[in-house]
Every structure is written in C-alpha cells, then in structure tokens.
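Note that subunit A is present in both complexes that follow, paired respectively with subunit B and with subunit C.
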Partner chain A sequence: MKKIKLVVVGFGVIGRGVIEILLGKKEFLRDMGLDLDVVALCEIDGSVVSGDGVDLGNALELAGKGELNKHKQWSNRKSMDVLEEVEADIVLELTPGDIKKGEPGYGHIKNSLKKGMHVVTSNKPPIALHYRELHELAGKKNLELRYEAAVGGAIPILNLHRKCLQINEIKSVYGVLNGTTNYVLSKMVEDGLSLENALNEAKELGIAEQDPSYDIDGVDTALKVVILANSMLDMNVDFRDIRIQGIRDITLEAVELAKKHGYVIKLIGDVSRMEVSPRLIPVDHPLNVSDSLNAVMIDSDVAGELILVGHGAGARETSSSIYSDIIDIAAGI
Partner chain B sequence: MLFFNSHSLFLDMKVEMEIGLKDVPGSLLRSLEPISKHGGNILSVLHHRGEAELVKVKIVFEIKDQKSLELIQKSLREKRINMSEIFVEGRRYYEKKTISFILIGHVIDSDIRDTIDRINRIGCVSDVDVVMPDPREKSSVLMKADVDNGSLDKAVTVIEKLCKEKNLVFVHSLEQ
Partner chain C sequence: MKKIKLVVVGFGVIGRGVIEILLGKKEFLRDMGLDLDVVALCEIDGSVVSGDGVDLGNALELAGKGELNKHKQWSNRKSMDVLEEVEADIVLELTPGDIKKGEPGYGHIKNSLKKGMHVVTSNKPPIALHYRELHELAGKKNLELRYEAAVGGAIPILNLHRKCLQINEIKSVYGVLNGTTNYVLSKMVEDGLSLENALNEAKELGIAEQDPSYDIDGVDTALKVVILANSMLDMNVDFRDIRIQGIRDITLEAVELAKKHGYVIKLIGDVSRMEVSPRLIPVDHPLNVSDSLNAVMIDSDVAGELILVGHGAGARETSSSIYSDIIDIAAGI
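Let's turn to the complex of A and B:
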C-alpha cells in the first residue's frame, strides 16, 4: 500500500467536493494500492493540521456550517506557514484566484514546489499568469505541477493530450469553455429569455456567481485559452495577448436571427486565434451543446478532429480531474 | 511531355491547373478523367519529374463555365489529388466562400449603405436580414457575403475594423 500525504489549501466548494469523494472512495483507492492521507486543511483564517491525518468527516460537517474553526485540530496558522512546516507529498491548491496577480494560489504553488511537494490545482489565474515561471520551478525540482481541473472541469483535455496524443502535433483547440455563458446563451435560444433574465435564472440555480462578470465578459474563458495555448500548443502566450469579447452585448433578436438562419451563438475560446468571442456555429455542429456543458474540439495532424463534451464545473465533476492528477503523480512516487 | 490539341466549340474558359501526382502507373489518367467527364477539352499536359515525392503536372484545358470547374475540383479532391494552383484566363482563381455574420448595434443609423459598400470591396454581400425592435434600440443584422476563399482572414479584418469604427458588435461564424 502506497501512503501519500496530502495538504488541501482552500476548503470551499471544490475542496469539500474533493474530500467527499475521498471519503466515499476510500476502499476503491485502497484497491488501487493508494492510501491518501490528508495531513492539513487550510482556509483563509486558519488551518486544521494533524500529522496522523485530519478527521475529515468532522471537518466536512463543520465546514458545511461555516464552523471549521470549531474543529478539534484547528489552529490560527496561516496557509503559507502550514506549507512551510508540514511535510507532504502533494499539495492540492484549490483556492479561487485573483486575476491580477494570481494570488493567493501563486504563492501557495511556488512555496509548495520550493519545499519539494508536487502540486495539483484547479486554480486558473496562477497557471495562466505565471505559466513559465511555475513550470521552470517544478522542472528544476523534478516535481509535478498539474492542473487538469483548471480547464473544462471534468473533461480530460490536458491528460488526454499528455497520455494519448503524444504522436500528434496539435493544430488548433477551440470550444465552449465556460458553463455559465453556455447556460445563458442556451436559455436565450431555447426559451426565448433575454440575457438578463437567463442570467438571473442561472444565479438562482447556483450556475452563475452573484457577480458573473468574469464569465459573461469572457475573462474565465480567456484564462483557459492561455493555459491550453501554453500547454498543448507550446506557445508562449500571456493573458494580455488574448483578444476578449464577452456576451454582454448579445441581444435576444441576434440569437433569434441566428436561429432563423440555422445558427446558434456560442462564446468560443479559440486558441490558435488567441481570441475569445461570441461566434455563429451551425445548429448541427458538435460544439452546439446545451445547458452548462462544455465542449472542446482538438484538431491534430494524426488523430484528426476530436470532440470532448462534459461538465465544465461542479465540485464532484471537477474532483474527477483532480483525482486524475493525484493518482498519476502518486504512481510516480 | 504529353501534348493534346483539339478544336473546342462553345468552351469559354481557359484553365491552367497544377496538380501533384504520385509517381505510379495510371495516376495521370486518373487525374485527367474528371476533366473529360465534366466537359473539359484538354489542350496540353506538361509534367515535371523532379526529386520531390510528387510529380508536378500542369494541365491546360478549356471548359464551359465555373460550375464545371467546381465539379472538376470536387472530383479531384475525392480522388485525393492535390491541386496547388489554378489560373482562369491567366488570373489566379479562388474558390468563393459564403460567410455569415451578425452585426449588433445601431447598424442602420451608422450608414448601412457604407457598411455594405466597404464589405463589397473585398467580396459581395448577397443577403441582409435586419431585425429592428425599435428605432431607438440596437438592431441586429445578419449578412451573408461571398468572399474569395483565400481572402477570408482579410474579410474578417475589414469587418472587425469597420465595426470598431461604428461601435458595432461583430459575431462571425466559426468557419471563418
């Protein structure tokens, strides 16, 4: 049995989803020869730390009530201090990222790598804004830095590329990379809702954030385009290189006009054009996916066109990608 | 060098086409068959066997119209024969492609005639469908334009530029 020590930084929706899966699949992981042991859970105002393994059931219950600070292993130690002191194999960096500097994830990832720990993250900004630096650091230390969950939620884009498309030169990658905007545009075309009403519905269902600007204005998609460009097409792209046009100006009349002529409007992240923009796509095109689904088209020289469709968000779905990275790294430890 | 010459009646377009063929028996005949099948009159066939894997062959023929040329191209593509250059009456020939796009904003008030004229300089606007919910509100206009296949990027750049100038939102098709 291989014992792998984990530190979880960020115990929000994604962090709790990851721990729920860990508890639910403990036996399944054991059958794979893996004993994943969480030695620290870090939040903004403190951490739960135990060298013998954190009581995860209790942590989940308390965090659900916003009372993680009542956990018997709780202390006020900040995440950066915990990363400095705790010894672990893999750090799961699952905090939300700031678009300007990528903090606090950037600091967490850098410190974890400096301390000799592998990193798995779902956090887009640090990877999109500091791609080269973090990869060089991981390379120097002979460590893994993985972020499958940062692009496309449950869809295995990066690991598919790494493991199954080695012989291929990737010509282009483009698609529907943001679930919120796809939900809004789908509701406009299917139910005739205005953008504002579709967005309000998405907020009520928890699909959209209360401030959905990053999604609606195309920023979230642009971060994913940067990550895909750098990791799959080996480009050296900066976030500022991406031309971004969101869906805020898309009118119901435009959606209906497109429908009349056999098209739908989708927010497309296009890696080779380094562009995020609303585009017309034929109704029978494979990227015309409904609800909050994501869809990605990969065009390569040997395999040809591949289309991947799946859930781009959700704690459980995103956890699938996080475990794909954890299990892969664990195999090499 | 092979040389054909025959009299042609009612054939208006002279076409020079360069293709790349594998150096295997029968490949030249396979490439000529679609031209005859679609009414082409072959005037000359010149082939150049270099060191490259493919033998370059220049075929000169006459055909009735552009439709025949499109059918010949389609047949050659189905046979996976690579066409590198086509000249019609001495001018480089491009395939026409119809692009669709939507403009959102004050499309009418920002001089739609001028918008169409400027797009017509790089292609030909063939369809305009306007939805104007209220004269004071933004309108949405779907346009279709025929553009040379080789000028698609240029067409998109021209439309992007005029949309920026006129404060219009440009939603272009994924194929462009």
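Let's turn to the complex of A and C:
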C-alpha cells in the first residue's frame, strides 16, 4: 500500500466534490494500492490541519453549512503558511483564479513546487498566464504539474494526448470548451429563448455564475485555448495573443436563421487559429452538442480526427480528471 | 535509447501501415527514447527474418507488388516456426482472424506468450473467442497482451479507460462500432441510396470487403462488444451470449421515415445489454456520426457520459492504437 499525503487548497464546490469521491472510493483506491491521506484543507480565512489526517466527514458537513471554522482541527493559519509548514506529496490547488494575475493559485502552485511537492490543479488562470514559468520550475525540481481538470472538466483531453496518442503529432484542436455558453446557445435553438432569458435560466439552475461575463465574453474559453496551445501543440502562446469574440451579440433571429439552414451557432475555441468566436456548425456535426456539454476535436497526423464529448463542468465529473492526475503522480512516487 | 525487437505477423494492409509509420517516425520514436527494430515479418507462405533488422523499405516495396518472396532475407519458414526460433520483445499479431476458432491469430498469440514475448494485436476473433485463456496465460507469464486496435480502430477506448478514467467504474458502453455498416446507413440517409447500392459503392471505395457479411450481419460489431464487455466491464461474456441483428433488412423507406421524424438508423453494439441491433438515434445526438466513422458512448460513475468519435478503420489510423500499445509495453521493459 502506497501512502500519499495530500493538501487541498480551496474547499469550494470542486474541493468538496474531490473529498466526497475520496470518502466514497476509499476501498476502490486501496484496491489500486493507494492510501490517500489529506493532511490539510485550506480555505481563504484559515485551514484544517492534521499530520495524522484531517477528519474529512466532519469537514464536509461543516463546510456545507459555511462553518468550516468550527472544525476541531481548524486554525486561522493561511494557505501560504500551511504550504510552508506541512509535509505532503501532492498539493491540489482548487481555488478560483483571478484572471489578471492568476492569484491566489499562482502563488500556491509556485510555493508548492519550490517546497518540493507535486501539484494537481483545476485552476485555469495560473496555468494560462504563467505556463512557461511554472513548467520550468516543475521541471527543474523534477516534479509533476498537472491540470487535466482545467480544460474540459471530465473530458481527458491532455491525458488522452499524453498517454493514448503517443505516436501522434497534433495538427489542431478546437471545439466547444465552455458549458455555460453552450447551455445558453442550446436553449436559444431548442426553446426559442432570447440570450437574456436563456442566461437567466442558466443562473437559476446554477449552471451560470451570477456574473457570467467571463463565460459569455469568451474569456474562459480563451484561457483553455492558451493551455491547449502550450501543452498539446507545444506553442508559446500568451493570453493576449488570442482574438476573442463572445456570444453577447448573438440574437435569437440569428440562431433561428442558422437553424433554418441546418446549422447551429456554437462558441468555438480554436487553438491553431488562436481564436475564440461564434461559428456555424452543421446540425449533424459531432461538435453540435446540447446542454452544457463540451466537445473537442483533435486532429492528429496518424489517428486523424478524434472528437471527445463530455461534461465540461460539475464537481463530481471534474473530480474524474483530478484523480487521473493524482493516480498518475502517485504511480511515480 | 531503449532497443525493442519486434516481430510482425501478417503483412497485409494493417501490417504495411504499421511499417510505413515506423519508417516515417523513426526520429520521433528516437526522441522518445525508443529504437524499434523489426527482426521478422511473417506472411502466410513464408517470412523475412534477420536478427540484425529486416530491410523494411525493400519489404514494403515488394509487398506492394505481391512479391515479398523476392526479398533477400526471405525464406519459406512459417510464422509458427519463426515465433519458435526468434528472439524478440513484442509480437505484433496483425493477421485477419477466422470467426470460428480465431486462427491463425489464436495460435500466434498463445505461442508468443508461451515463449515469453509481449503481444499487441488488431485481431478481434482470437481476443473475443479466447479472452480468459489468453489473459490468464499472459498474467501467469507476467506479460502484456494488448489490443486497442481491435476495437474502434484509431479510437483509444480501452487505453482511455485504463489510463485516463482510473477512478471510474464503467456502467455501460455502447455505440457505432463498425465503419462499413455506418457508411452504408449514412449513404442511405444522405444520398437516398438503397442498401444494395450503398453497399456496392462501399465495395468500390474499398470500405467494404467483397463479402461484407460479417459487417452487415453484425458479427464484427458483436466481437467488439465481447471484447469491451470483458475488458471494460469485467464481465465474463462469450460470443454466443450476444444477441445479434444486422442491417440487412433495413429499407430505404425505413431510413426515410426515421429521417422525417428527426432520427437516423444506426447499428448499435450495446455492451451491458449484450446486444447488436439497429436503433433510432436523434439526428443531433453525438452518436449520429457520418461516413465510416465510429462513435462510442462510455457511461461511468464519476465522469458521467463520455463520447469518443473517430476512425474505426484504415491502416494508418489504426496504427495509432498499435503504437500506443507498443510504447506502453516498451516503457515497462
């Protein structure tokens, strides 16, 4: 049995989803020879820390009520201090990232690597904005920095490329990379809703955030394009290199006109063109996915075109990618 | 540089495709630290053998003219004798398989494993008909037996499950698993052809074999269902357990009636139902793939539904899966 110590930074929706899976799959992981032990859970105002393993059931219960600070292992030590003091193998960086500087994830990831800990993250901005620096740091320290969950949620795009398409050179990658905009555009086609009404419905269902600007304006998709460009096509792309056009100006009339001609409008992130823009997609094309699904087309020199469709968001679904990275790293420890 | 010795058994369309990639990607493989060396190429009437490495360029050229027996390293030693005598790390079993007993692949695979060599195959019948026996033999010998190319051609279904969805338990797998029937059904919808005319077109294009019965009658799909059931859902399924209905009775009228109501007819292999049958699929569903594409739906307990679409056949495309298996095995040698 391999004992792996984890630190979880960020105990929001994703972090709690990861811990729920850990509790539910303890036996399954043991059958794989893995004993995953969480030694710290860090939130914005303090942390739950225990070298012998955090009481996770209690943490989930309290966090659900917004009372994690009542946990018996709670102290108001900040995440950066905890990362400095704790001894662990892998840090899961699961905070939401600021689009300007990628903080606080950028600092968390950098310090974890400096301290000699592997990093798994679902946090896009730090990876998109500091790709080279963080990779060079990980390389220098001979550590893994993995972020399958940051692109496409549950869809294993990066790991598929790395582990299943080894002989291939990737020629292009593009697709529907944002669930919120896809939900909105799908509802416009299917239910004849205006963009505003579809967006309100998405907010009520918790699919869209209260301020969904980053999704609607294509910023979220552009971050994913940067990550895909740098990791799959070995480009050296900066966020500012991406031409971005969101879906804010898409009218119901445009959607219905497209439909009449056998097309749908989808927000497409295109890696080789370094572009995010609404495009017409034939109704029977595999990228025409409904609801909040994501779909990615990978064009490679040997396998040809491959399309992956799946859940681009959701705490449980995204955990699949986070565990894929954790299990890979654990295998090498 | 890791030097890996390969034996290629079967130098038909797939075998030649694999060797073309090997010659074209020699540098690429070396950059990965791999030096793949073919020490024998076996055909039905003899073999090209050289412990120092077969002259592959010459073999490709001659095989293209049906004159492999003019190769300077040719002798009329049979594949089974060559497997007995040769020293190699991995045997690529790429012959076409007989549906009754899985020969000659079954014998090739068994003897290779007995001799202590890993096996990679694109050959469905030996795996579908002798799943447990061959796996037990490989396990006992601590050898790898891999067959990504046997299911879904270029689509990495088995490796995706094994290497990217590690935390998931698979609930069901189903989809369009045969390119020939999908081409025929697609042409019936798109061009209004009868089944017979669509099939003739597929034969002319080399998509269908001259006797396409195994494809049209669902046998090929059923073999893939058996392999998926045993390897992804850990079932213990025999080929005779599968209920099989092909597409021979699908009329143009049925296809057009379905189309009028927003559906297409697809031949679906369904692993948990152990069934192959034509089904109605909504036109905007991700399994509605055109041409000779394949599409597989994987439903799992953490990631939820994932759909993979890609080329289910083609020598070059299928090589992507064969190299994925080779590279994995080589990493462990």
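Going forward, the second predicted complex is superposed on the first by the 333 of 333 C-alpha atoms of A that agree within 3 Å, B and C clash if a C-alpha of one lies under 4 Å from a C-alpha of the other, contacts with A are read in each partner's own complex, and residues count from 1 in each chain.
Just so it is clear, a residue touches a chain if its C-beta (ideal position, glycine included) is under 8 Å from a C-beta of that chain, and two chains touch if they have at least 3 such contacts.
Quantities reported herein were computed from a predicted structural model and do not represent experimental measurements.
Of the two partner chains, subunit B (first) and subunit C (second), which one does A:R279 touch, if any: first, second, both, or neither?
Only subunit B; A:R279 stays clear of subunit C.
Touch check for A:I155: first (subunit B), second (subunit C), both, or neither?
It touches subunit C, and subunit B stays clear.
Could you say whether A:E204 touches subunit B, subunit C, both of them, or neither, answering first, second, both or neither?
Neither subunit B nor subunit C is touched by A:E204.
For A:Y263, is the partner it touches subunit B (first), subunit C (second), both, or none of the two (neither)?
The answer is first: A:Y263 touches subunit B but not subunit C.
Is A:D52 touching the first partner subunit B, the second partner subunit C, both, or neither of them?
Neither: A:D52 stays clear of subunit B and subunit C.
With both complexes superposed on chain A, which partner does A:D31 reach: first (subunit B), second (subunit C), both or neither?
neither
Quick one: name whichever of subunit B and subunit C touches more residues of subunit A.
Here the partner covering more residues of subunit A is C.
Using the touch definition from the top, say if A:D234 reaches subunit B (first), subunit C (second), both or neither.
neither
Tell me, which parts of subunit A touch subunit B in their complex?
174, 245, 249-251, 253-254, 256-258, 260-261, 263, 265, 268, 277-281, 285, 287
If you look only at subunit B, which of its residues touch subunit A in the complex?
100-102, 104-105, 129, 131, 133, 138-142, 169, 171-174
Over in the complex, which subunit C residues touch subunit A? Could you list them?
Within the complex, subunit C contacts subunit A at residues 21, 25, 28-29, 32, 154-156, 159-160, 163-169, 283-284, 286, 288-290, 295, 300, 302-311, 314, 316-317, 319-321, 323-324, 327.
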